[in-house]
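Here the structure comes first, spelled out in structure tokens, and everything after it is commentary.
Chains: A, B, C and D, in written order; residue numbering restarts at 1 for each.
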Amino acid sequence: MNVADYPDALPGPLAEFQSVTKWYGAVIGVNDISVTLEAGITGLLGPNGAGKTTFIKLLTGQLRPSLGNVLVCDAPARSAAARRHIGYCPDADAFYEEMSGRQFVRTMARLHGMSAVESRERTEQALAEVGMLDRADRTLRGCSKGMRQRIKLAQALVHQPAVLVVDEPLNGIDPVGRRELMELFRRCAARGQAVLVSSHILDEMDELADRIVFMGRGRVLAVGTLPDIRAMFAGQPLQIRIACRQQRELATRLIPWDQVLRIELSGIDELLLQVVRPDDFFRQFGELIQATSFDVSRLETTDTTTEATFQHVMSAAAKF
Amino acid sequence: MSSAPTSPAALVELTQLSHFYGKFQALKNVSLTVAPGAIGLIGQNGAGKSTLLKILLGLLNPSSGRGTVLGFDLVRQRHELRGRIGFMPEAESLIPGMRGVDLVALAGELSGMPRRQALRRAHEVLSYLELDEVRYRQCDGYSVGMKQRLKLAAALVHDPQLLLLDEPTAGLDPQGRDAMLRLLHAIASRHGKSLILSTHLLGDIDRVCEQVIIVDRGSILGCGRIGELRQHSLGRYRLRWRGDDSGFAQALTESGLTIQTTPRAGEVVVEVPADWKTVRFFEIAARHSAILSDVVPEEEDLPRLYHRLIGTDSRLASTPATGYPKS
Amino acid sequence: MELDQAGYRTWEGQPRSPWWGCLSIVRVGLSLIFRRWVFWILIGLGLLNFLFHFAFIYLKATLSVQNENIARFLDNYKVTGTGQAYADFMFAQAGICALLLAFAGSTLIGSDYRQGGMVFYLSRGIGKWHYIVGKLLTIAAVVTIVTTLPALILFIEYGTLSNSFQYFLDNPRVLCGILGYGTVLAVVQSLLIFAIAAWVPRTVPLVMTWLGLFALLKGLADAMRAIDGNRYWLLLGFWDDMNRLGRWCFGSLDPNRIPSAGYCLAVLAALCVVSLVLIVRRVRAVEVVS
Amino acid sequence: MKTTLSACGHLFWLTIRRQLCSRQTLACVALTGLCALIVLAWSRQADPTAKKLAEQVLVPTFVAFLMPIFAICYGASGIGGEREDQTLIYLLIVPITRPLVYFTKALAGLALVAGWTGGSLFLLCRLAGVPGLKLFAMFLPAALLGGLAYASLFLLVGAVFRHGTIISLVYWFFLEVLFGNLPGIVKRVSVAFYVRCMIYDSGGDLQLGPLGRVAREMFLPVSGMAATATLSAAVVALLALGVLLFETREYRDAC
């Protein structure tokens, strides 16, 4: 096989939502979303009921959009042609239980239209990729949750799709396994595949995703890299934690600053600050420390994590 | 015979406990003493966590060895014991077709509460877990988060002294997870319940537990207060800054510090000598017009502690390098 | 004043004996069945049969005052008030009940094995015997509600409407028959459906096994008897065994006809023991796995 | 095109293999075995005739019981079983269009039902000896068509309703068993009626018919040709309807 099989040879976005709306009866699932997916890892975030599942089902062609188009590699997502380019690792923990992992992946390869020889080869590759080469002969019924997740992933990788959609891939996987799988997603992204990961665990997203799609109440609230999204909330007050042996002296120095909205003494030698215009604050703070040589053992911005950004996005969305 | 010792010093006490599934030994001569409190249970898939939980619950007879939980013998007093334990299983263990409040009340009755008391407690616990609005709906229509809280409600309804939780936050969204952890923390700290929390998310344990049991391949690798197991002060700082990108990092190297770069731009981890003062970071930053926003001493957090004890590198070395052949 | 009235509160009561839990299982199981419309089709069918009889008895009582002939005409429709009539009524109800159980089996028991209900039950303060007894009682209660209870009501109605209480005094055997037949049905069917549902939890195979057991075994019994006229083969038809035993309770089984009530009892008892062994093995297996 | 064909072919074999290796097959084997025992026992009696065999054994046990059971087993579980196990999703993400998925699965299901019906009928007739072999040709077309009609109906039910298997069973009990045996023309909605019409028509010289005078008078049969045509049309129409509904349906529960 050659590199041209991989999607970086294809022009344009790998998948595209063109003002897609989907409703079930009177209930709206997603409302007028337009997003493109490109090579790299995209994280899909949002609380339960935000429309993530609908988004994924639209992308994998299980649902037909009520309005708009979903394109995968320039084919409508519901067509068989589009499904050739999509690998989907579903959330539900269901398999053809009586098969072994290897048989299952091979079956899926055959259902993708591969010949027996080809499917055998690709199965071995996919199993190697998820680190299950030596453990794939046990029947799925007797496999642990982590092994099942990996087999599910192998199944999604076996036809070398341009777009890989993984729904909650890290549920039930132990910390070591998590790292391995995250590494795997990165390799896929590096090959030019578009990887869409939906997950609830924000700190992992923080580490993993190149781009994040925030969803809430059926709409896409924000798209972009984490720093981009964070920059959108630059005006928001920041939470800062400072540990300093001269707790009270430092506090008295900081009170007059107009960037500092609130100071809270917490613990033996800790300060919790709420500041605006952080750049100003940090510059001034640096100068202060150099001038006074207070012994600051910790300076930490506590809400730059995805979790905090998530809170910001959600509260911002609630304002309109 | 059913009277328990008035105040058991140890919550769990196991001596030389083993368990076999056929020939496979799931637990190998485990001896363990745990004081009451919030306890985290971590380990790889298949390390024996669920087996341990099931034995503590009295669902499974250990093949050899003995133990007590809450002062009750694991084998001989298992019914009395189980009435004092709340178990929240990982698998979906609901009875389809039942309303939420009926299910919780049933759980209470099965643990020995009289019917009216159980119903009263069920309402109380459900509203405590913020399920008031859905309590009259059928439980198979609940969302993942609601199901998790319903399972917790069923485990809490008879006011047990010890809660066993198997992956309570699996499948929850961030807000749900946050709420669940706050709840567990409150139950443990404010209401004096003990909990044993088995999870893969080390962050959960960090937030709720003060003790931890680390299981690997059927043996206990570490057991005790997280603070005691942890190695303090690794002599490393994580720095984040705004502005100038590379100059600052270079200046750090020139001041004789070893640098590990992280995947993020504008962030490094530096190793410092013993007599290092943090002021010097600010000085170097000022010289290179970089604005320091984070100076965080690196402690051994739970993931690192875990990886140290399990014996894998914290930065992952074990990924198989085999991918698609690129030819 | 503190806010301890809000939020989590403790409960300080003495836990009751786990056997109380069985009653809860029964109550919940019944509510599960009587809440689903599919079962109401069958329950409705049984109810129809019951109301039919109920109305006939009433008609007979009121009209026979005016015209003796009407009473004799109505007796053609088996509302004679004799043991035979009740046995026939219960036989019909038992058939409906068997259908009901075929569907209810997977709701009551099968789903425990497929959807984690076992873990729910067994991780509470009850043991496996409490669980088994609770479930068996539930099924027995369903059988009783569909068969014995309506028959008892008819019996009381007939007696009350016949102007004197002599009817009750004259027919003690009928009461004993109703209770006896009901018990046989309840015990055998509950054990049998539990055993089958525990091993074949899905609806379709469950229904197939359940029906096959009654319908095909009866066919086999008839065919075997046709070979050489050996009537002991009829024991293979479990459904008829229950019926024969029931009629014996009513006192209307011909004692000289083979097979006799004793043989039926032995066969059914063996069947129950086998079922019980199957049930216990299955519950124990789940304890280990789940 | 070629890849689609090979994928469909694999799906066909996969369906057959999985259905054959399920517990239902065990139950079918057990029931067939019981029927075989009945036939064996029956054939030992003093005076076995073809008419008696048809009336006492084949119609009540095979046509009324075994054949619908096969159809429910392999029909309702075709799509319905995959939905129940939540594995339908795997068929919806492979590059086979939905109509083809349904069609392939239906073909596999129909083949299984036809195989089981034909096979078990042959076995039973064989065991019954000479009278049985006489009846085999007479029963085969009716049994096959009836089985296929049942199977395509239950496939459709399984694809449309969430509790497809239960609904199929309820349908069988009430419409087929209850209505099918009512006197008058109500029974013309049931498959069993047409199957029996075909049997009675082809078994003309044996004077087959419903037992009992009233039942015989109130049976009101249609001609064998009409029954055959109705059943064949039903199979085709139900299949087409199934394909159409499967294409447009969106499974929210199963995926």
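Going forward, a residue touches a chain if its C-beta (ideal position, glycine included) is under 8 Å from a C-beta of that chain, and two chains touch if they have at least 3 such contacts.
For clarity, every value in this text was computed on a predicted model and none was experimentally measured.
Greatest Cα centroid separation from chain D: this falls to B. Note: centroid distance chain C to chain D, computed from Cα atoms, is 31 Å.
The mean-CA centres of chain A and chain B are about 23 angstrom from one another, to the nearest whole unit. Rounded to whole angstrom units, the spacing between the C-alpha centres of chain B and chain D is 54. Between chain B and chain C, the centres computed from C-alpha atoms are 48 Å apart. Every pair of chains that touch is listed here: A-B, A-D, B-C, C-D.
Chain A meets chain D in the complex at residues 24, 57, 60-64, 79-81, 83-84, 86, 88, 90, 92, 94-98, 107-108, 110-115, 155. The part of chain D that touches chain C in the complex is made up of residues 23-24, 26-28, 30-31, 34-35, 37-39, 41-42, 44-45, 57, 60-61, 65, 69, 72-73, 76-77, 163, 165-166, 169-170, 173-174.
Partner chain D is touched in their complex by these residues of chain C: 38, 41, 99, 103, 200, 202-205, 207-209, 211-212, 215-217, 219-220, 223-224, 226-227. Residues of chain C touching chain B in their complex: 7-13, 15-18, 20-21, 24-25, 28, 31-32, 35-36, 107, 111-112, 115-127, 287-288, 290.
On chain A, the positions that touch chain B within their shared complex are 1-3, 46-49, 125, 128-129, 131, 133, 144-147, 160, 168, 171-180, 183-184, 187, 191, 200-203, 207, 278-279, 282-283, 286-287, 289-290, 293-301, 307, 310.
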